[in-house]
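Each of the two complexes below includes subunit A, the first together with subunit B, the second together with subunit C.
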Partner chain A sequence: MTTTPTPSQKRSPLQGLLAHPLSSEIVAFLLLIIAFFVGTRLSPHFLDRDYLLGVPSEYIEAGIIALPMTFIIVAGQIDISVASNMALTATIFGLLYDRANLPLGGAIVLALLASLLLGAFNGLLVAKSRLPALAVTLGTFALYRGIAQAFIGDKSISGFPEKFNGWDARFLAGAVPMPLVVFLVLAVLFGLVLHRTYFGRWVYALGTSEPTAQYSGVPVAKTQLILFSVTGFMAGLCGLLMTSRYSVARFDIAQGVELDAITAVVLGGTNIFGGRGTILGTVIAFFLMVVVRTGMGLHNIKIEKQLIVVGLLLLFSIILPNLLRKQKT
Partner chain B sequence: MTSKGGIVTFLARFREVGILFFLALIVVLTTLKAPRFLQWDNLSSILLDVPLLIVIAMGMTMVIISRNIDLSVGSMMGLSAMCVGMTLRANPNLPIPLAMLVGILVGVLLGSINGTLIAFLRVPAIIATLGTLSIYRGIIFIISDGKSINSQDLPDALTFLAKPALTKLPLIMVMALVVVGLAHFFLRTQRTGRDIFAIGSNPNAARLRGVPVNKTLFLVFLLTGALSGLAGFMYTARFAFVDPAQAGTGFELSVIAATVIGGTDIFGGAGSALGTLLGCLLLGVINNALAITELNQMWQLAVYGAIILIAVYTDSLIRGRLGKAEKEGA
Partner chain C sequence: MFTRKSLLAFAGVLLVSGLFTGCDKKTPEASSDKSTTTAPKEGGTTSTKETATAGVGKAAEVARDASKKIKIVYIPKNTGNVYFDSVIAGFKKAQGELNFDFDVVAPAQADAAAQIPFIKQQIQQKVDAIAISPNSPDAVKPALVEALSKGIHVITIDADLTGNEEGREASITPMDFSLVGKSQIDLISELVGGKGEIAILSATTDAPNQNFWIKGMKETLKDPKYKDLQLVDTVYGNDQDQKSATEAQALLLKHPNLKGIIAPTSVGIVSAVRVVEASGKADKIAVTGLGMPNNLRKYVQTGSMKKFALWNPADMGYIGSYLLVGLVNGKIKPSVGGSFEAGSLKERKFGEKNGIIAGPPLVFDKSNIDQYHF
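Right after this comes the complex of A and B.
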């Protein structure tokens, strides 16, 4: 498919673009520019600086989870339990703080520890029991949210202290909202690990061919266990961030966040079968989704109808390269 | 071969026996705690709840046997239910079989879109149906303008289908059983049905042996769409109320759970219509048991999750033992 070109082959600029190792990221970036341009034409408020910097906050949890999700999918796995983990961690945190009267710091630490264990449970079933990740995380998708529901039912837990609530309304240097800062810092961190460390190479090796990785001395089970544990921990962190944003913990928060996160990862060019993908692509695709959704929001298009566009984006981002590559060969 | 290996092999070969045992266990335990569980009134409420699940799960069984997944079934059911409801609201005198046809045709259309994406445009099934899950749900909001269909919009002849008839079996349950029979016949005896198993066991080998892989996959997703459409029609009859946000939302989870519990191998290549039927009944009985024993119904979702994990885990144990037993026997 993406063979190196021989001098005799004449290629159109479009085909050259598609043969580039970062072709999917470039496609996502072009789409981002188009969406941005359309957004500015649709509404004069779109280019307002504070507005533009603030809009990612509303979807920031999906963006943050998309980072470890990139690792998971590059490694040839999937985790659809992340949003349920968020809800359960938020619930545990609420119970510890509100019912067990733990100090804020203690409740946060214990809740994050719980989220790490929830992720490790997924990881154990995948890495040690050799169960398919889709089936495992489909089970824990129901189990984790179900436990949260069994704990607090339809009740909301609120009354968290002021210093905990509303982290999204705080700014760095008086202008840049904290969610954007945290997301970008985490993106750089995850990017460095994936693209500049042995661990990152193991992740790619696993997604390319697990038997080959095994024979090459990659600690397969350990790597998978770490991946799912870290993803669980990040999901728990996002559960707390969302609780802070809404100032309330409920069992039914964050529904569908896993879809947004997976969409961002795949839209950013990560191969759903593993072995290929970059953090840069995920970050671009996340901003693309944010621009598309808020652009439509400004145009008073309801959230449910925005889903159509996000779904279409996802499909086209896969079909288009498939079709163009087919023509080439 | 040891006797232990013999039992495991037996259980693996006759998966249905294992589920029946589990089903009986729950029935006995629940009856001991709440004797009215076995009364007809209660049993008939189960018979009203499971038909939708059964019908779609037959499609999901084929999809999972072919080593794919369809996450869009809940949205397809919701969209079809909305179309049936709107058609009947606009034409109250429309014969009910025609309304059913509307539901099925909507499902065929949606399913063939999935099938085209997966079989011909090479989009992985999980991504394709993740996308159409959102798209179909969005279309429900567009065509309905966000408004629901209420019972006064629907003719009595429709809701009659979900009332215990002369035979005491509600008609939608009869329809579901007919679907099970057809699915069983199709998967066991028809060439295309066997091709689905071949594709799920090894897609490349199936292609080399001349199985029309793309055509068969397209058909599998089309049929799943058609069955989701039929379930949409049944949904309108059962609930006489179609809410654009709620109709079918999250239903894919129950369907996949029932199918996996029923012994369909998540790795593809194995599964049966009868096993899935038992899986659906098991889920229905568990739901009902949770409600009737006044165990907190808040536990329902957690129980679903736990039994999916248990089913998948048990399957892998059996498969491991079976592999060993066969090696030892050879």
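Right after this comes the complex of A and C.
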């Protein structure tokens, strides 16, 4: 993947850090530590273990989707239809359970199958039509939410059983909320696949140079199809998780989740043009976003200012390593 | 090389989360020391014991210190919305009379669940009372129930948690919505001189309040008093300016004898009056409905719009302040049929499901529009 450059000349510690293959991840991590301490300064209510363990649950869907999104962006693609997929899958699940009176398990399986197909549809269009993923998923971004709205309009579907609702209020070992546990487990799984398997190498190869990957025998279309299908499936899963969290399925849930997920990926050091990025970076950046928002939120900082800070953070974390990398050469 | 470093950094993340285990706020270092030596999985188990004590601590803090200033937070649907700015102005007016701490927090977008993190942040800050204009009647309920269970008083403003009333103690509704249909027909009848063709420009086909009001208008039209008014068309502009304007234009073409348009939506009413004014028919076709003074001020001044209605959103913030302060002090106990004093607005009653109606419809015209800024 990446190689450490030979230290041919004397380097300052800063340059040394930035020459490190994980420089972006390190920057994100340092920002996380800073954000954490700023958070403790801003509000006396910040440093509360139960609360801090619980806050990632509020944004967990963005975190989970950021994992397959890391793959997609490393492969030089993008999928902005994920939040619409979430809404449509939640809607389909609601209809199957509430209107078609399917048993809970059946409704979940069918809804997840639908989300897989929604993702595969993106993948097919990208792989076969050779259209840019941005254009394809911009189309399905509108299409999927549109279908969801056509299905249930401005209505909420609720009345799901108690065992389905409120998964974020369940804990591992009585203290760690399930969303955090699931996110970390999934992160390890996705990390292993991206960094430890042939498939992972194909993904990097695709993002580095598609023609080269093709000539080296990487099954380009197949890889793309798998990437978008898995992303679709994960989006569907998140749609169900969000439905459980809110105890309600609606067409307008999860607006902007795609942007939060992409922000976490890019903030974590993944190159938006592909070829570079790690799951570790995405995970750190997700926690960074959660800590930044929570810290400011507890201080009642207005949302406009919060958005400005998140935006600046993103620009800073992208520009800084790039600028200094250039200086180095 | 890759894995070792990623593992190291990963351990770093866990270390930071280990800081979270510092229940005792004074010594975060001590607890982080502990977690550096424990593997991630054990970190989970060590925290179990501390949860129990944290839980006890919270329960004990529910009883509030009466000498402290009451802290009220209002969570509107979204930020940068002049309508809610008016509600906020109502809170601030009452703040001058009642002396409480007041803050406003809200998401940037009005989607169903965006308010949840904000509610949880307020619970964490242990405010005394939350007033919320919920974006969805059901998605925010669990968070509000949690707030109530921690001794925070909760009321809704403008929109209620219909079907999920256990998420709030009381609800302030702008006006008696069953009167909207009738008052709109009264208005248009007055403006067109009691006879002629009229049409409705609504928002979306499935917006519950719109349909309820339209139903009310149709019921009212059955009254022999309005036998000369004919409702010839109902069109939908989806609360988008462009679509509403196109629909209004189509109404003028399809119904050359049209005398009036009712647009009971703050978006559609502006589009309708603009189209009518631009077509030069403002003296022949009356436009009215529900709208915001800021958007319609210029049409009222040019005379293209004579009258329209709404309510005064500031009243809701003002009444909400008196209600919440009373709830926190224990001086107001919501009960159907009961009542309380809301400062200069005098007595307000708890209706069905502890719903409170803020006031009668407010009709705006040239004479009073400059007093309102929303």
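Rule of thumb we're sticking to: the second predicted complex is superposed on the first by the 313 of 329 C-alpha atoms of A that agree within 3 Å, B and C clash if a C-alpha of one lies under 4 Å from a C-alpha of the other, contacts with A are read in each partner's own complex, and residues count from 1 in each chain.
In the analysis below, contacts are C-beta pairs under 8 Å (C-beta built on N, C-alpha and C of every residue); 3 or more make two chains touch, one makes a residue touch a chain.
What you see is a predicted model; the values in this text were computed from it and never measured.
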item: When subunit B and subunit C are modelled together on subunit A, clash or fit; value: clash
item: Contacts of A:L143 with subunit B and subunit C, given as first, second, both or neither; value: first
item: Contacts of A:V109 with subunit B and subunit C, given as first, second, both or neither; value: neither
item: When both partners are placed on the shared chain, which of subunit B and subunit C touches more of subunit A; value: C
item: Partner chain(s) touched by A:T278 [first = subunit B, second = subunit C, both, neither]; value: second
item: Which of subunit B and subunit C A:L124 touches, first, second, both or neither; value: neither
item: Which superposed partner A:V220 touches (first subunit B, second subunit C, both, neither); value: neither
item: Which of subunit B and subunit C A:L307 touches, first, second, both or neither; value: both
item: Touching partner for A:T263 - first (subunit B), second (subunit C), both, neither; value: first
item: Partner chain(s) touched by A:L315 [first = subunit B, second = subunit C, both, neither]; value: first
item: First, second, both or neither for A:V38, with subunit B first and subunit C second; value: neither
item: Candidates 145-153, 181-189 or 271-279 of subunit B: the single one with C-alpha clashes against subunit C; value: 145-153
item: Contact residues common to both interfaces of subunit A (with subunit B and with subunit C); value: 153, 302, 304, 307
item: Subunit A residues within the subunit B interface of the complex; value: 78, 125, 129-132, 134-136, 138-147, 149-150, 153, 259, 262-263, 266, 272-273, 302, 304-308, 310-312, 314-315, 318-319, 322-323
item: Of all residues in subunit C, those that touch subunit A in their complex; value: 1-3, 5-6, 9-10, 12-13, 16-17, 19-23, 25, 28, 44-45, 47-48, 50-51, 54, 73, 79-80, 103, 105-109, 111-114, 116-118, 120-121, 124-126, 136-139, 141-142, 204-208
item: Residues of subunit A defined as touching subunit C within the complex; value: 1-2, 4, 21-22, 25-26, 29, 32-33, 36, 40, 43-45, 47-55, 58-59, 153-156, 158, 166, 169, 172-176, 191, 195, 242, 245-248, 250, 252-253, 255-256, 278, 280, 283-284, 287, 293-294, 297-298, 300, 302-304, 307
item: List of subunit B residues in touch with subunit A within their complex; value: 69, 117, 121-124, 126-128, 130-135, 137-142, 146, 244-245, 253, 256-257, 260, 266-267, 296, 298-306, 308-309, 312-313, 316
